[in-house]
Amino acid sequence: METFGKRYHPPGTPPGTLTRHTTSDTTHIHLFEYDGENFSETHSPTQQQCQDAQQNTLVDWLDVTGVNDPIAIRELGETFGLHPLALEDILNSGQRPKIDFHEQHAFLILNLPHLIEDDIVLEQVSVFVGNGHLLSFCSGDGAAFEPVRQRLRQGFGRIRTRGVDYLLYALVDVVIDSAFPLLEDIGEQIEVLEDRVLENPDKAILNTLHQLKRDLLLLRRALWPQREVISRLIQHDAELVNATMRPYFNDCYDHAVQIIDLIETYREMLSGMLDIYLSSLSNHMNDIMRVLTVVGTIFIPLTFIVGVYGMNFDYMPELQWRSGYFIVWGIMILLAIGMLLAFKWRKWL
Amino acid sequence: METFGKRYHPPGTPPGTLTRHTTSDTTHIHLFEYDGENFSETHSPTQQQCQDAQQNTLVDWLDVTGVNDPIAIRELGETFGLHPLALEDILNSGQRPKIDFHEQHAFLILNLPHLIEDDIVLEQVSVFVGNGHLLSFCSGDGAAFEPVRQRLRQGFGRIRTRGVDYLLYALVDVVIDSAFPLLEDIGEQIEVLEDRVLENPDKAILNTLHQLKRDLLLLRRALWPQREVISRLIQHDAELVNATMRPYFNDCYDHAVQIIDLIETYREMLSGMLDIYLSSLSNHMNDIMRVLTVVGTIFIPLTFIVGVYGMNFDYMPELQWRSGYFIVWGIMILLAIGMLLAFKWRKWL
Amino acid sequence: METFGKRYHPPGTPPGTLTRHTTSDTTHIHLFEYDGENFSETHSPTQQQCQDAQQNTLVDWLDVTGVNDPIAIRELGETFGLHPLALEDILNSGQRPKIDFHEQHAFLILNLPHLIEDDIVLEQVSVFVGNGHLLSFCSGDGAAFEPVRQRLRQGFGRIRTRGVDYLLYALVDVVIDSAFPLLEDIGEQIEVLEDRVLENPDKAILNTLHQLKRDLLLLRRALWPQREVISRLIQHDAELVNATMRPYFNDCYDHAVQIIDLIETYREMLSGMLDIYLSSLSNHMNDIMRVLTVVGTIFIPLTFIVGVYGMNFDYMPELQWRSGYFIVWGIMILLAIGMLLAFKWRKWL
Amino acid sequence: METFGKRYHPPGTPPGTLTRHTTSDTTHIHLFEYDGENFSETHSPTQQQCQDAQQNTLVDWLDVTGVNDPIAIRELGETFGLHPLALEDILNSGQRPKIDFHEQHAFLILNLPHLIEDDIVLEQVSVFVGNGHLLSFCSGDGAAFEPVRQRLRQGFGRIRTRGVDYLLYALVDVVIDSAFPLLEDIGEQIEVLEDRVLENPDKAILNTLHQLKRDLLLLRRALWPQREVISRLIQHDAELVNATMRPYFNDCYDHAVQIIDLIETYREMLSGMLDIYLSSLSNHMNDIMRVLTVVGTIFIPLTFIVGVYGMNFDYMPELQWRSGYFIVWGIMILLAIGMLLAFKWRKWL
Amino acid sequence: METFGKRYHPPGTPPGTLTRHTTSDTTHIHLFEYDGENFSETHSPTQQQCQDAQQNTLVDWLDVTGVNDPIAIRELGETFGLHPLALEDILNSGQRPKIDFHEQHAFLILNLPHLIEDDIVLEQVSVFVGNGHLLSFCSGDGAAFEPVRQRLRQGFGRIRTRGVDYLLYALVDVVIDSAFPLLEDIGEQIEVLEDRVLENPDKAILNTLHQLKRDLLLLRRALWPQREVISRLIQHDAELVNATMRPYFNDCYDHAVQIIDLIETYREMLSGMLDIYLSSLSNHMNDIMRVLTVVGTIFIPLTFIVGVYGMNFDYMPELQWRSGYFIVWGIMILLAIGMLLAFKWRKWL
């Protein structure tokens, strides 16, 4: 994950300035219109088609993926009466999740986490909802919404028979729930690490621990505010969310809280494992030093003794003793045994 | 305990989808009906028996254990008018404790911790309560409720003469109090560890410390929200909890708070013990190094001296001295004594 | 202090079950009745005497010490109309401090800490107060209340001329203030440790540090909630606490807050000292290793050199040089001085 | 950044005392007056010009940079009716961000962070706003406001057609957004450190880590309260901020929160990296000690053996054996191989 | 600073007991009476003079320094109608800052920190204010109030023309602002330590770090609650603080918050520095061990080799080789160079 991960204009830029960012995905626009009986899907709708959709009684979903086309997005803003600062937020992805209540519609920003080649990537999902239409802007390719598009196309489940609030729920549900597979995966990595950290605390573990901590920290920054967003969406006393939809958004809220719970739990687990890792290293060092100390403490004095009788003094009485050599061996063996017993007694062996 | 421990559908699944999970216990359904005078217990009641129970004035307890039968549970949902998202929560066990107030009944999710072969396992207990009936769903075998079933069967205590709120209290009380034997056991393990960590900081302690920290972390995640659940149950100003039952639920609340207190206290104790463990290891290392340093510092210079007089130079005057050998011994003994005194003075011996 | 320290019934026990605990003190009951003019003290009052006391206009204090007699306590409960769950809390000592407002009286639980042979022990003090009578139950021998009993007997101070709320204040004040001598003692131990930890970080310090941390943690658990209890007692808008008594309970509140402040401050001091201890150990280890390294680094190369000239090759030209031996000594002395200078430069000496 | 960074008078100085601080920038005063049609800019306006500006219907911006001239600032205070304590805050820079609502105007203090030669410097921006005029005082040279001055001079964007609240927004927006380039830069430094800390934990990293932690701590102290300032500005129900300006100040609030989020995230990253650094050092030490132990444990016993046969005893039978020398070599080689295998088995090699 | 620092009576002492503490300063009482035109100062006023002062329309400041005279203080209490528990708080210095609102006056306790011979000492300042008179009690010599006394005597500034609330402000301002010179001094000590901790982590630093942490912890305990005291003073909707005085007390509040901010920042800086210190120590240890390992690893094998050719076997073919000695030298030099290269490659040199 990116550390900074936020786009911004140089300080002093006039508000509402819309800029193309070179790393953005290509903009694709789809218009879904439906009710219980009807369903249509239009690729790259014209401005006229958009205005017509606003007039009729069908539910409209303007599904924008990729945000590399500031001109198209400004045009949509004019057609649907969107605030220039909201459009700026859509293009400058990396925003904090939030909900703003404008006059005509609510404006939500959420983060959809997913894996691209083992790296966690955040896709910013910005949604305007109100007056029977919903506009969603994905900073990436919007592939996560494919199940919702399929449910709409195939008329599967309740989705076509309900209003724009059900569509909002379906999209928010996808965004929130996207964190579960990621977190399950992290949970499995943590369980694998737990076994290794106690038995074999090598350098690779340190690397993995660090990587996981960092990812969870950035995930927490990205996902923590979403609980507040959904809570404010539920509490907003307007016609935005129908009473029968409350249990659905409550369910999203539960999931948002569970995700925060999991992230915090994992973070504390990793903190604990780093402590265990450090202790394991110290244990290891103790083992190493104990071996050196045992070997050194036994052989250094013995080497001194044999050194003594390697001296070349003309007069060294012991050297002439018939059994001198064997007496020295005896003393050395007794010394070694004594030291071994001392180490045994200290539980160093 | 399981790290992730939550079941979920793939993101984008329509809400209210009910799936069988292969690891679930087999579903058993019992219907208890009673008042001050009457008592009946029906195994695997038919849909008709359930509907009759709803009509009559007896208190009904539909006691479901094991949740591996989505079809039976969907049927119960239809009979008693339960929300599909609530049923989804029952089957996808591993939910966070919560209370939802629906139109007809309150819906509670609680976690019942118990030991299976020294491993802490969480059984999810989901309860619908309202209108003179109570439905409980245990994700496991529901053995913890056996004392309540016995009190009902034997008409022991107040339980048969009171309403459905007393039954709710009896069940919630069992769920909350189940943590006490576990925590008492953990408390004893901590006391044992405390003695060992200061005297003999071995690797097994590290393992146990880590295991206990992990269990307490997961227990905290599972039990912390229960305080809030009971608090909201007490504060909910409806006919759900009779005024005379308030002190009973207050008692449950006290216990829920005491459990959180104990968990937090144990967690801080374990954190403290890990610090002590690390300090003990460092102490130990100091002991080891001190021995090596004392032995090395005394004998390495002595070995040098005997090495000097082991050299084979043709002209080394000391070697011819009559008492050269003894002078060298004298110097070496003085040197050794001097060093021992220096170590004594530094308190290394 | 005990780690778990709570008594509880097996999960599923009917509420209000009263059990004798073998470790409880023997139950003694005293009845004090007084007003400005009258004073009487009755040992082991009969049920009739208790009922009479309730009727007359004197202030009644039923002073129960030791809770090993469930039958006597159940009888008192019936005489004074006490809730069975409250009686259960009295016998199952180790409760969290709390205040419950029943119809007829307020029910308080507080913890009175005191020293028994250098070990901190918590005595649970449970108080019912209302309608001109006060019942107090001490889980221990209630010796801490002796000054209050003496003030009553000797008519000293204001106590006899005031109502039951002043008596409540006098008892609560004793319970709260009992922590001060303990904390003063801990403060002195900390000051002694502070001096030792920097100069002489031995193993005994670690033991004491750990013991103090543990005691403060358990004291915090026991005393922290008392602030809330007194705060709720003051805020409860009933005739329970007379307006002229407010400043007195405010004073208790100040003390409860000061105690929490002291505990938190001591805890942070001990945390800080453990860090200092670890750093001191590392410093120590550095000292030890530096000595070994200096000695080893000087003498190991010198020993190699003398080893070279101890070799027995037939042709080693230096050995025949007249001044070979002295040249070698010269080289070795220069080498040693060079190394000593290098160590000096690195500030290792 | 400066650690203390606050100017203050000696305790006991009368309130409202204005003192020249020798390190302040030179005071420059510019008066901008404009509406949709008109625009004028006056350097060093006279007191009369200031009073005229207050009377007319144009928007007035009195742009003061540098605060080393207490007399000029007291004069402005008299002309515009500013509170002497507010003037004291302007001259004693290093204040905490705050907003005060006086009778005639709101008084804001904000911190504008920027880089001067790689060192983060805080410029205090103090603003009075109300009644169609705005006075801003920069403790530094106010260069950060140049884009706003340019937009005014060139009539670019909406700024000239809007009221004093839009000007306030434009200035606040610059102050808040100034943190982004700084934080992006810190984020890049952190990413560079992350790679180095695992591979090559040298002393320079420790220095950089410490520097970054310190800067973030001081930045947090300086910027954290700005969220509250903007929040109170938005919530203040007066004519100060026009309804159409709410979304603009909400946007500032979003940025203030994002900045706090980034700072906290970076702080936790750096904390994590210090732990990793310590673990890396321990790993490193283990590597070093393992080499010494392997070499020592193999060669110390071998050196003892050769020492044995270097002794000069008259009677040492092995020395006369024809193949004694080769047998010793064989034993030593076997011993060395055995030890190497033991190390291999322990994974020390 | 004192660790416990609180005076208290033995538990069970009747409330309002006033005791002389042997370490208190001698009590001096001064009575200041003034308005715009008049000013008088009376040393040791009689009870009658105090009663007269209460009656007349002048502002009265009864300035008491030193609290070793319980009888004089009880007399003042009777003259001005002060609560006995408040008087107890004045004599038992070491109280937590607080504000109590009595019927006739407000009662404040604040802590005035100052340096006595490099040691931080807390002077308790207790103030009664109401009805045109103010009584202040300093537990020490009250020297900090001298500038206020001088402003009164010399009629300098606004102080003589304002009411008792301005006098309260002047005193509170002195108490709060007294922390700034102390904190500036601590900030400078921290900056000095920062440079030393990275370059030369010696034992004296550890001592200073510990001392500063401890002082800041105790300062925090003493000063933290003052923010709340001033906030409650401002919010109290009585005639106590005149509307025109609000900005003055707001200014005090700002300073109280800045002080807390500084203390917290310094505490985190010191925590960070202890981590850096530990890392520096580990770095240092690595340096030491690396030297020992390099020297040992090169010379221990070489010493073994020369030992081999120091053996006295009758048959050792190499010894007779003409160039044996030089070949051994060659091998040893190659070995040493090889090892040096290996160390270079591992970056140990």
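Order as written gives the chain letters A, B, C, D and E; numbering starts at 1 within each chain.
By our rule, a contact is a pair of C-beta atoms (placed from the backbone, for glycine too) under 8 Å apart; a residue touches a chain by one contact, two chains touch by 3 or more.
By chain, UniProt protein names: A, B, C, D, E = Magnesium transport protein CorA.
Model, not experiment: these values are computed from the prediction.
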Mapping chain B onto chain E via their CA atoms needs a rotation, nearest 5 degrees, of 145
For the copies chain B and chain C, the interface residues, called same if over half of the numbers are used by both and different if under half, are different
Cα centroid separation, chain D vs chain E, in Å, comes to 25
Residues of chain D that touch at least two other chains are 278, 282, 285, 289, 292, 296, 300, 303, 307, 310-312, 316
Among line, ring, star, complete and other, the chain touch graph is ring
In ring order, beginning with chain D and continuing through chain E, the chains are D, E, C, B, A
As the complex stands, chain B meets chain C at residues 144-148, 151, 156-159, 169, 173-174, 177-178, 180-181, 183-184, 187-188, 190-191, 194, 198, 247-248, 250-251, 254, 257-258, 261-262, 265-266, 268-269, 272-273, 275-276, 278-280, 282-283, 285-286, 289-290, 292-293, 296-297, 300-301, 303-304, 307-308, 310-316, 347-348
Contacts from chain A onto chain D in the complex sit at residues 3-4, 6, 8-15, 83, 85, 89, 95-96, 98, 100, 102, 200, 203, 206-207, 209-210, 213-214, 217-218, 221, 274, 277-278, 281-282, 284-285, 288-289, 291-292, 295-296, 299-300, 302-303, 306-307, 309-312, 316, 318-325, 328
